[in-house]
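The following pair of complexes shares a single chain, chain A, combined with chain B in the former and chain C in the latter.
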Partner chain A sequence: MTLQFNDETFRDDYSFHNSERAIKRFPFPFDKDSYMYAVNMEQHRGGPSDSIYEKRFDVDEHYVSEMRDRAMVLADDPLRCQSLPHMTLAGWDLLELIMVSKSEDYPDLFELHRDGDKWHWVNKPLGIDDHFTFMDGTTLPYGPMEYITRQTQGDFCVLDQRDDNLWMDAGTITTQADWSLDFDIGMNFFEWHAPVPLAHEKGIFVRALKFLLNIQQGAPARRLNWTMTVNPLLDTSPENYHKWGIQKTSLTPENIGAKQHLRVELQTFFRLPRSNALVFPIRCYLCAFQDLMTVPKWGRRLHRVIRDLPEELATYKGFIDNRPMMLDYLSKFDDGLPTSNGIWPEIDSEPPLKSD
Partner chain B sequence: MPKFEFPTSILSRPVYGVLEARAGHQHLMIADAEGAEAILDIATPDLMAKTHIIYIPKGTDFADELRALNPAQFYQGPSYAASVSRIQRVLQDAAMGLQLYLAGTEGLMGQVQSEAMKAGIPHTAIQTEHRGSTARRMQCVHCKGITEDVATDPFQCSHCNLNLFVRDHYSRRIAAYQAVCIDAEDPGYVPAQKGLYE
Partner chain C sequence: MSGAEKITVRVTEVTSLNELVTRFRFERLDGALLPTFSGGAHTVVEMKDGDVTRLNPYSLMSDPFDQTAYTISVRRDDEGRGGSLFLHNSVRVGDEMVISNPVNLFSLDLRAKKHLMIAGGIGITPFLAQIKQLDRAHGNWELHYACRSVALGSYVDYLTSTHPNDVNVYYDDQEQAIDLENLYSGQPLGTHVYVCGPKGMINWVRGKAAELGWPREAIHYEEFLAPQPGKPFEVKLAVSNKVIQVGEQESLLEAMERSGVDAPYLCRGGACGMCETRVIDYTGNFIHRDHWLDDEEHSSGEKIMPCVSRFEGKTLVLDR
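On to the complex of A and B.
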């Protein structure tokens, strides 16, 4: 199918919206009626047709507008994109991985022509047509990581692997769930995860790191993570929290369906060939409560998950104050019927909402 | 002065030990304020004959006692800012096997550690001992400005004037804890200041 790109904003008037297709393929992150941190990782080897798992780097209707938003964030704050000096090779690895993947997975949108180290890259949605020399930074307008991540949805952490640990030594981070690349750069896996509650005690990070250190080239992995965001704001950074924090207090019972968004991150893990670095794309998908509620299974389940979520997690994720209002809204979509296992919407088999 | 026991915290928060004399031909000890006492505790004439001490009194009067240890080299600096280029210079040609000892406030130890890492000394090879003030070196996550010697929570950013709360999340590279706006969701409502650890 040909993709129509939305002309929309993730700030000010928040004209962001999901088409019916985008709602149906939204990565609803709960496979059962409750949620707790776990080492929830699986191979990233495609998925159902047209699902967000199908391609290595999913391109959707928000692509062009998201890239416009990223450019604005970087113009305001260049520290959102940083690469320590030893990470340049990993940047080229990443540029290659994305260009090859996108040109193979979306040949009508992206083209890569290679003649030795003379590369020709065509990005039709963004109107880019560049010739450059692979591994020669002077032939690109930005460093290789910045160049390609300005053209790819999702945040990117590039992790150096040494001393049996991963080190956050480069990244482009403009759509983050309230953490700072500038502060965390140079930290190891346990240090940047330090603020997360409960998971350290459960041994989750020790096991997760072991898994990540062993990821092989050509065998990427993935997991989902989630939080809540009022308004479809991509840049929920700590840097700008003094500006956007107030929006959390703007929810009312009347506007919550439209304003409250479930924010889901598709996190993938790829080993890079030359640098042996690991790249961690964090792709953010937003969906308004009222759109989620069009899927009966998700309505029932979201109410149960949010109701039973441990207080530590609701606090860490920043919605503890709004939880009662969310539950008032969500409870109307929970008729108590059982739900089927798994994250998929099951529109055809799941019963419609029983109203009394 | 009794030593302060920091409560256990998250994994990015530094933990400090107790200095002990190690074997080596070259010893560099950098301290501020009450950190002098940690040096006095391990000093022997033999060790001092191989030791370079860099000391920033911060209004205390331990300098004469340190000088009386007769170290191979002694420098007293009026402030960290005034001493940092000297510290960088000394770290630059620190031979392999240099023993580095840091003592005093978290701000001093953190900043020297960050310089040492830039000079190629792994942070795990550096000994540290906290003494004296428990005030913290804080970075405002909003404007990136550093406020030194923060002893209360919340506090006001010395650069952008936002009211900030004190987190335990710590960056070794920046040598500071993270500070975040406290009244973003309720502008103007700033809770009364309390001392750290109170």
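On to the complex of A and C.
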């Protein structure tokens, strides 16, 4: 299928929108009617046709506009992209992984031609056609990690592995759910997860770290995470909280369907071969409540999950104050019918919403 | 499926280096390129020796950037359970074999201002790949390599001719020994130490560093343990609901696999922690041989690493 790229914004007039196709492939994160933390990892080896799981690095209709938004964030705040000196080799690993994956998975959009260390990269959607020498940073306009992550949707944490721990030693972070690379740079896995409630007590992070340390070359893994965002903002960073935090008070019963977005992260994990580092791409997908409600199963389930979520989690995810208004809105889409297991929309098999 | 991804390869060279060590070269059967890797990585080689399948880890010694072939060097162990003997006696050029994707438990710390490498005997192999990696990045390194004799000094000629200023060789039979205390005291701040060799050498290098106040994180070591033979014993696997016998010449992990239990594993040498298994009940004594569990865990009777550890006694029930 030929992709049509949207011309849209994630700031100011918020012209971001999902096509019907994008709604159907939205990664709804709840596989049952309740939610609690779990190390919900699975192998990242494809998935249903046209799902966000199908390719190693999903490219969708928002690609060109998201890259434009990233360039604006980096122009305002260069510290959103940092790489400690020992992470350059991992940056080349990442560049190779993405170029090889995208040129194989989307041959009509991306091309990679290699002759030894002389590489030729063509990115048609962004109009890039560059010749460079692999492992020679002077032949690229940016460092290798910054170069390729300016052309790839999602945030990228590049983690060094040593002392049986992972270290946040490089990354490009412009579409984050309220955490800061500049604050976390150099921290280990337990340090950067310290603010998360409940999960430490459940031993989640000890088990998750053990799993991640053992991720092997050629065997990537993935999981979904989620939060809530008012207005389709990619950049919900602590650095800019003064700009976006106040927008959470702009919700009304009339505008909540359009303004309130479920924010889902597709988190993947790849072992990088030359450096033995781990790359952790965090891909953000946004969907307005009113678009989610076009899928009856998701309408029923989202109401039940948000209603029953522990208070600590609603606080940590930043929507405790708006939860009553959300529930007023969502309850209209929950007719009490049972839902099927799994995250998929099941439009053909789930009954439409019963009207009163 | 347990373990790292598999690659089917053909043996394209078998080279005898000396009376104990033989080098094997593997190329992909389908002619495609092998994955790149990082210096210090190993591959797990599958050996079908009659009815017995052995999976042993060997350090990759070839250039990590060379995707046309992997090479390993194997020291014959006449006392062991037969993995190295099988490779030495039965594997020929042209044979098909299955190896795993590279796994690295002995990675360079790329923050190091200098890499100080200490090798004993066949422990030289991971350093050969690390040196290739560091040379490409103009890294600062120095190697101290102890061998039994000139005749058994694998790759000494290659190393001293290509890096005459960075390689120091010590021969046991000439009573040459690494002057470790002096060596440590002359290192610049930010030096990381890497040791691969027999257990005694690893303990000596780590112990001396601790004594002199080196940070624990700056000392890296790798010792693959081959599972040792032992008295047969019986195990009850609670989850699979099976009672299995572990033979004299097989490991607990191998006995589980032989019984059709898909137990997790990675290195099969007591180092990675992947096969850690909970003990539900026991009457008897554990023979712990791994590097993964600490002393407290070893004495708790709550965990066992079935790749290398054994048991002697009446009852053992595992959560597997």
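One rule holds in what follows: the second predicted complex is superposed on the first by the 356 of 356 C-alpha atoms of A that agree within 3 Å, B and C clash if a C-alpha of one lies under 4 Å from a C-alpha of the other, contacts with A are read in each partner's own complex, and residues count from 1 in each chain.
Please note the rule applied: a contact is a pair of C-beta atoms (placed from the backbone, for glycine too) under 8 Å apart; a residue touches a chain by one contact, two chains touch by 3 or more.
Because the structure is a prediction, the values reported are computed rather than measured.
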Which superposed partner A:Asp184 touches (first chain B, second chain C, both, neither): first
Touched partner set for A:Ser275, first chain B, second chain C, both or neither: second
First, second, both or neither for A:Asp291, with chain B first and chain C second: neither
First, second, both or neither for A:His242, with chain B first and chain C second: first
Which of chain B and chain C A:Glu350 touches, first, second, both or neither: neither
Chain B versus chain C as contact partner of A:Asp155, first or second or both or neither: neither
Of chain B and chain C, the chain that contacts the larger number of chain A residues: B
Touching both chain C and chain B, counted on chain A across the two superposed complexes: none
Contacting residues of chain B [partner chain A, same complex]: 10-13, 139, 141-142, 144, 162, 167-169, 171-174, 178, 180-181, 184-187
Chain A - residues contacting chain C, complex: 84-87, 89, 135, 160-163, 210, 214, 216-219, 273-276
Chain A-facing residues of chain C, complex: 4-5, 35-38, 40-41, 64-65, 101-104, 107, 109-111, 133, 136-137, 217, 266, 272-274
Of chain A, residues touching chain B in the complex: 79, 180, 182-187, 190-195, 200, 238-246, 248-249, 321
